[in-house]
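Please find the structures below.
Heads up, the next two complexes both have chain A, just with different partners, chain B and then chain C.
This part shows the complex of A and B:
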């Protein structure tokens, strides 16, 4: 108890306080500026893209002559103009297609014109001749020897050293786990479950569509304004693809109207930049229509997964053998790492002594896949967590007890051989079970309804290169306020608020006295790898705390010298430097810019205070390519659990979630209310993918590219009762013990709902979305209803 | 495309605007009047991000032609706060933590404002129904619903 008290004292105000968002006022007044709100002036040109109508074809010829002749057209470009490859982990994309198109929507040519209407007309005038090829439409087939090869030059692509493509096939990454002796373990199992699960492609659907505005000046300097999660990665990748210096590319990134991964890495931004190189001095705006967004922005990978798992008679998991065929779509430059993450997390959050896993990233002629909130974990956990439920039922143990018995705990040797850091997963399970009143069954609300409860648990690590870095500065102002510079982006998750809280706490000034410099601008903001992987609170937070501490040190040393005291006797409290020894006090105002007089008026000391800080994990190791084993695969795992109670209408198949509870171990909630807001929003997004969402592809052609046909959850669909529970088992290298939670809440939602439906009607519905029709037909198939 | 001169009252100010016949109210607000608080999420009347109040009724401004607004009165998010004083709905959205990325927020506030104008004490269901055309991908909606309830509980909201 005394220790706990001492620990609590080390956490300064306002860490752990639910202060209001730093950006709330401008967002509720319409004053917040997004990329399309900036006025680019009368020189602005509008870009439109000529896109492939075929899922797979060779380009025989492109005739742009009519488009070029149209009055008002300023530039027409094709792949011939830009020979460089681009991509994050595997450079498998041209900016514009050069020889081959690989999905419906693949960019073939680009136009810049004085109006959107003229640009549209010009695109219609471009004539492209294709030789249509056989498309690959299924990842399991695509991984085999009979499929057409989509990337014949796979073996020549530049690739990160932890990604393993198999040239001559459509497999762009194969991640293996070989831990223990799976084959030998099956005979010791008292129960074995084998299942196949499938997950369709879904999309992020930020309400703000993708937008990029690019300008290239006479010196070749590129300026790119965009809705971006990754200003620095975009700077880096676009510079490389165009053969420029990173310092000649400036990315300016105002508020993002929703990202969820779709605005990470580089996608359509490179098109705008490429076109702009042909109309020097004029900004070129490319804004995706909602239809284009559905066709051509990143989508989440589809997955065909095979699970086999077994336990002994007491319910202890002994072995797992999992095979994942990821539908990677036309390009997998980013998503190869999703399949790696799913591989090294393939046991789920369980202690399993024997694991064999193969995670294949497979090219298909489907839309381009990329990172989406959860990065492979929602897809993988969907099947895995329903399988765990089946195994618990098979061996006759309650699903909550089964999970408590087997879940990963502090000190366990996890699937990659890494030792598990302190984690509160079992506490999360206990808390959601209690909150949902597990084991008690309420009567259904009507005779035609069946009621059920379900639980699912999860883990997810930030998936990134081992050395993804963060940096920050904290600059003091005349009035004693501080401005924080970061290169991570505010997507709605609240990172600017959390960074201001951390800077305030580490410096010793009120939260209201901290500003965050924006827009993020790679010419002025400090480096940040990307705003992805739920890594900012932890990684950028560390950089901000370090920068604030550096500013604090400079201030205290200055004052100590002026007062002829020891800095250790000084403190900054509420914006005032105080001495515990001399009991002197001076507000930060002025001294942080103008310094302080030396004793006896013998000149001055100090000067403008700018603190700097960085953070980069240095301890992540490589994994053996054959076994996936190594000392430390990841920085850490955030863990959690969700449970739902629902009713199934057996006359219609309609499912209504009555309530949901969720608990996540966030290490330390810097802003508890905002953690809960993330959990609620993630839960509803997960629910939306469980009930409504699927990109319907027919022969590679998207059938539902609109909000009418691709439905997402509305205010009428959100369960009224969603309870978020915070568990805090500190992260050893997290700022104040914090780790991220942005993605995690939607990871266990599909299987929690699937398990609750099973509890209600005794039927597994199959692949989501669990539409009323699908649930109804599953009940008919099971003989529950006629 | 021929231009048309229209008179339209926007947030209480009379504006005279020249617009092409095919220009939507959304584009007129954003491009002619630089009122960029109204957002473009789909240009198809499906997401609600561009909701404004037209002659007292909430509309998707991407589905209304600017020329149709000759003589009309339009209220946008920029007209909701008065003299730097937030409207009760705006304060409630802040208090309830009902904003994340903020892109749907102006449209949500306009729909909620219209609801409270016609129904000062809406039920939970009535609020959800009124907001069903405003898609939000971040919040999960419940905090927005709570914010509307909070604002409805304040007597000055109705008069505003």
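This part shows the complex of A and C:
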């Protein structure tokens, strides 16, 4: 039904128009307010955290007496004060460690003082005795029987019903796919490729480090201001951990200076709230230094992946057998679901009749892993898409043709047994191949350069609980403008702009007449699960459209009653209610608040108009724990392709990406320029992880906790030419057919670059980052250069 | 381990009225006071807790510290507090010492170059300093105000190890002096970083070549290396070869080989010793080829 409705519905203005961002002016001028810009008054206290210097140790004793005695210190807390567990999908964390520390940086105690300096001095006065334990530093070893157990109580943790921990081991989730008969299929394969890939941990490095300011009043009500992607999830998880009602926790979330997933769920915010419970009435500010951010904020999992894939003589994929060992770090409360997402997407965007996959989330004594843009897909596709290239070469088929032959199409039975919805993946492949002039080899720009092209494709579904919900309101103002209330967050991705466009389109008023209420405040804003999973345009967009339609219905019914007409004959165009029948017209101004007078001063009809809307997917089913099979694993997949052309300097190993081309099937681009900006940003972030980014961990200790040696791409490293191509195959339940594209552009970048490097020099460089050194030494070791 | 310092430690800011006063203050507060010009290294190290001085002695404002002066007889004088963007923008530097501007341009970012100074880069004595090679091949010297009076220090003998120089307590470098460069000199600085901009050098190669009728090849070369030894390294051996033989591809290759053999890099997070050595060879070759070609071109133009 939704599909028919979408087809019938005319796409109203300004849907599909590249209107300017609603927040551009204040951000460009510096007027936009972020959490640390807010003045919290003279009672503000500052928190610092005592952290573990060991990757794995038992806490024998904590002596806080000297810290408590320091003048200016208002509270010192430890794990003894907060016995509750916290976590999104698997409650495996205490707010402060109670018995054991599991990574370098694990919080052991917290201090609130009248200045940051005094808090820091107090932290240094806290004396913790440890019994150092053997750390687990490799996920493949960690999954085995010889590794030290990092979470002995794994079996007792509260866990979502789609996550499968293996108590007694370090495996906090084991997701299985058993589709078809993999063992039987190998004998029919004309070519088989088997490879191992590794991906290092990387971090989100938002320009604004994490910050949280918490206050607990005399009634126990908690107020939390923070740089947050997930105000409602934080409200919920913090309330549960502290044994409070959700209605007694208010999370206020001003603009976010970059999130990329690191500010989803709950992390350091719970520390600020816990400390604040001991200094009632006074706000407590905790802000991470950049070094603390590197050590203690979420990082992306490392991955060791084994791929085995085979095809017949015509190149048709027959079987895949994949094993993923995710380096989940000390706590995997959130990242267990990343390993699930990688499991249910483990075939990549391919039609493969026989698939066996095992995706293991493994505890290690490395930094805490969590969601990052792409949610497992960049890591998984990195190996998978290089392996696909190798298989194509092995069977002697061009990599683009190989992908066109095997890519998932509308109606295919995908890896989980779900039927694939309409998708434009083939179109994406064809368009990037054309744009990059696939098959044509331009000469290198200098004698010391080698030129190559590479392609990679991807798919990604929103990874979330099956029933993650959205809600919205649209409130009309006296002058006929509308204010939209949402609980999703503006992270720079442009969601407030897109929501304003959708509300304007669904109501029939100009884009300029829509405001988005902010900051997001859980006491005033409507519920939104989290700003993650590229789900807002689709899910929150549906809620906003429904709310705008609800307001529109209220307005039309009121005017129809006044004009004695049928609401179906009325419309709202450019802020004016018109009748196609009587050709009457009345502007929205005033009537949306004061209503309309009855004839002859005989009273009024109508009243203030507030539309409300919600959206929640109701059709996602569970999957069989043994086979990973079920009718509908996910809401949908966004698909796409990227291609790059690059040059390798054979005297240095330096790689220059000359141009990048990307095409994604976004269903419907609500704001095409912003889609292109997301594609460019994702491509550059992908490029950054391909060439530069890596957390260098030695015996569990981070060696590069600052930008001196954790390098990220700058604009000077990005190609001058990034072409974004929009493909639109409508999503049946998307607002105006839209689906998300926030994460997807960085998913295929590493393998596209890896494949292009191979095309240029004929060597696989190994694990990213593909630094100049790795590329150069790979060429030396392969005997290409001396 | 984990740096929990949110800000700078407390320190006292001292602004002496004269060089002598500054020098005396440093002597009177040994181990507690540190000179400060740009602060681009100082503040970072203080925040990191590596430097714990109680006093920062600012000498930027003292006479001559911000002077750029070119004398056609004596050469270039750069006050020790002249920042890198001023060097890059200087017409005299670009006309007579272009290699200095070229090297300064590769340091950090524009914003940092507004504070960073070449004298600071030198006194910091990091083997990775980008401008040190240019100063070395231009035969720079330092004018030092010490407690016992004024003296010149040759840059070639200035560095003792990472972060270590011949300076004594109370010494203040007030000027860098560059003699008139050899007639017809051409130079090249090649920095290999991880990123295109704003990185520290994995290796840095500085080459200055100039005509000299007294040597068989007709040209002399000076070569300095960054990030491949405990101090910035001047490699004499290759220069000798290039004085003997014309800079053919083979000679350049042999010279580059000599330069590679002369360096002793270490493994660190920025690069392995193996890679660094190979890059010294390849990029010395590249720099020499470029400079030789520029010298040949300028010879033809005459």
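One rule holds in what follows: the second predicted complex is superposed on the first by the 775 of 786 C-alpha atoms of A that agree within 3 Å, B and C clash if a C-alpha of one lies under 4 Å from a C-alpha of the other, contacts with A are read in each partner's own complex, and residues count from 1 in each chain.
Here is the rule we use: a residue touches a chain if its C-beta (ideal position, glycine included) is under 8 Å from a C-beta of that chain, and two chains touch if they have at least 3 such contacts.
All of these numbers come straight from a predicted model, not from anything done at the bench.
S.K.: Examine A:34 and indicate which partner it touches, taking first as chain B and second as chain C; both and neither are also allowed.
M.R.: After superposition on chain A, A:34 lies in contact with chain B alone.
S.K.: With the two structures laid over each other on chain A, which partner does A:48 touch: chain B (first), chain C (second), both, or neither?
M.R.: second
S.K.: Examine A:158 and indicate which partner it touches, taking first as chain B and second as chain C; both and neither are also allowed.
M.R.: neither
S.K.: Which partner does A:493 reach: the first (chain B), the second (chain C), both, or neither?
M.R.: first
S.K.: Just to be sure I read the superposition right, which of the two partners does A:573 touch: chain B = first, chain C = second, or both, or neither?
M.R.: neither
S.K.: May I ask you to decide whether A:777 touches chain B, chain C, both, or neither, giving the answer as first, second, both or neither?
M.R.: A:777 sits against chain C, while chain B stays out of touch.
S.K.: So in the superposed three-chain picture, is A:207 touching just chain B, just chain C, both, or none of them (first/second/both/neither)?
M.R.: first
S.K.: A:132 contacts which: chain B (first), chain C (second), both, neither?
M.R.: After superposition on chain A, A:132 lies in contact with neither partner.
S.K.: Pick one for A:69: touches chain B only (first), chain C only (second), both, or neither.
M.R.: After superposition on chain A, A:69 lies in contact with neither partner.
S.K.: Look at the residues of chain A and decide whether chain B or chain C touches more of them.
M.R.: More residues of chain A are touched by B.
S.K.: Using the superposition described at the top, list the residues of chain A that contact chain B and also contact chain C.
M.R.: 289, 708, 713-714, 716
S.K.: Quick one: which bits of chain B touch chain A in the complex? Just the residue numbers, please.
M.R.: My answer: residues 30, 34-44, 46-47, 49, 76-78, 80-81, 86, 90, 93-95, 97, 99-106, 109, 124, 127-129, 131-145.
S.K.: Can you list the chain A residues touching chain B in their complex?
M.R.: 18, 20-21, 23-34, 36-37, 39, 204-209, 255-260, 289-290, 491-494, 673-674, 676-677, 680-685, 706-708, 712-716, 718, 720, 722
S.K.: Help me check something: in the complex, which residues belonging to chain A touch chain C?
M.R.: Interface residues on the chain A side: 48-49, 51, 53, 104-105, 116-117, 120, 123, 287, 289, 291-292, 295-296, 651-652, 654, 691-692, 696, 701, 703-705, 708-709, 711, 713-714, 716-717, 771-773, 776-777, 780.
S.K.: Spell out the part of chain C that touches chain A in their complex, as residue ranges.
M.R.: For chain C paired with chain A, touching residues are 1-7, 10, 192, 194-200, 202, 269-272, 274-275, 278-279, 282-283, 285-286.
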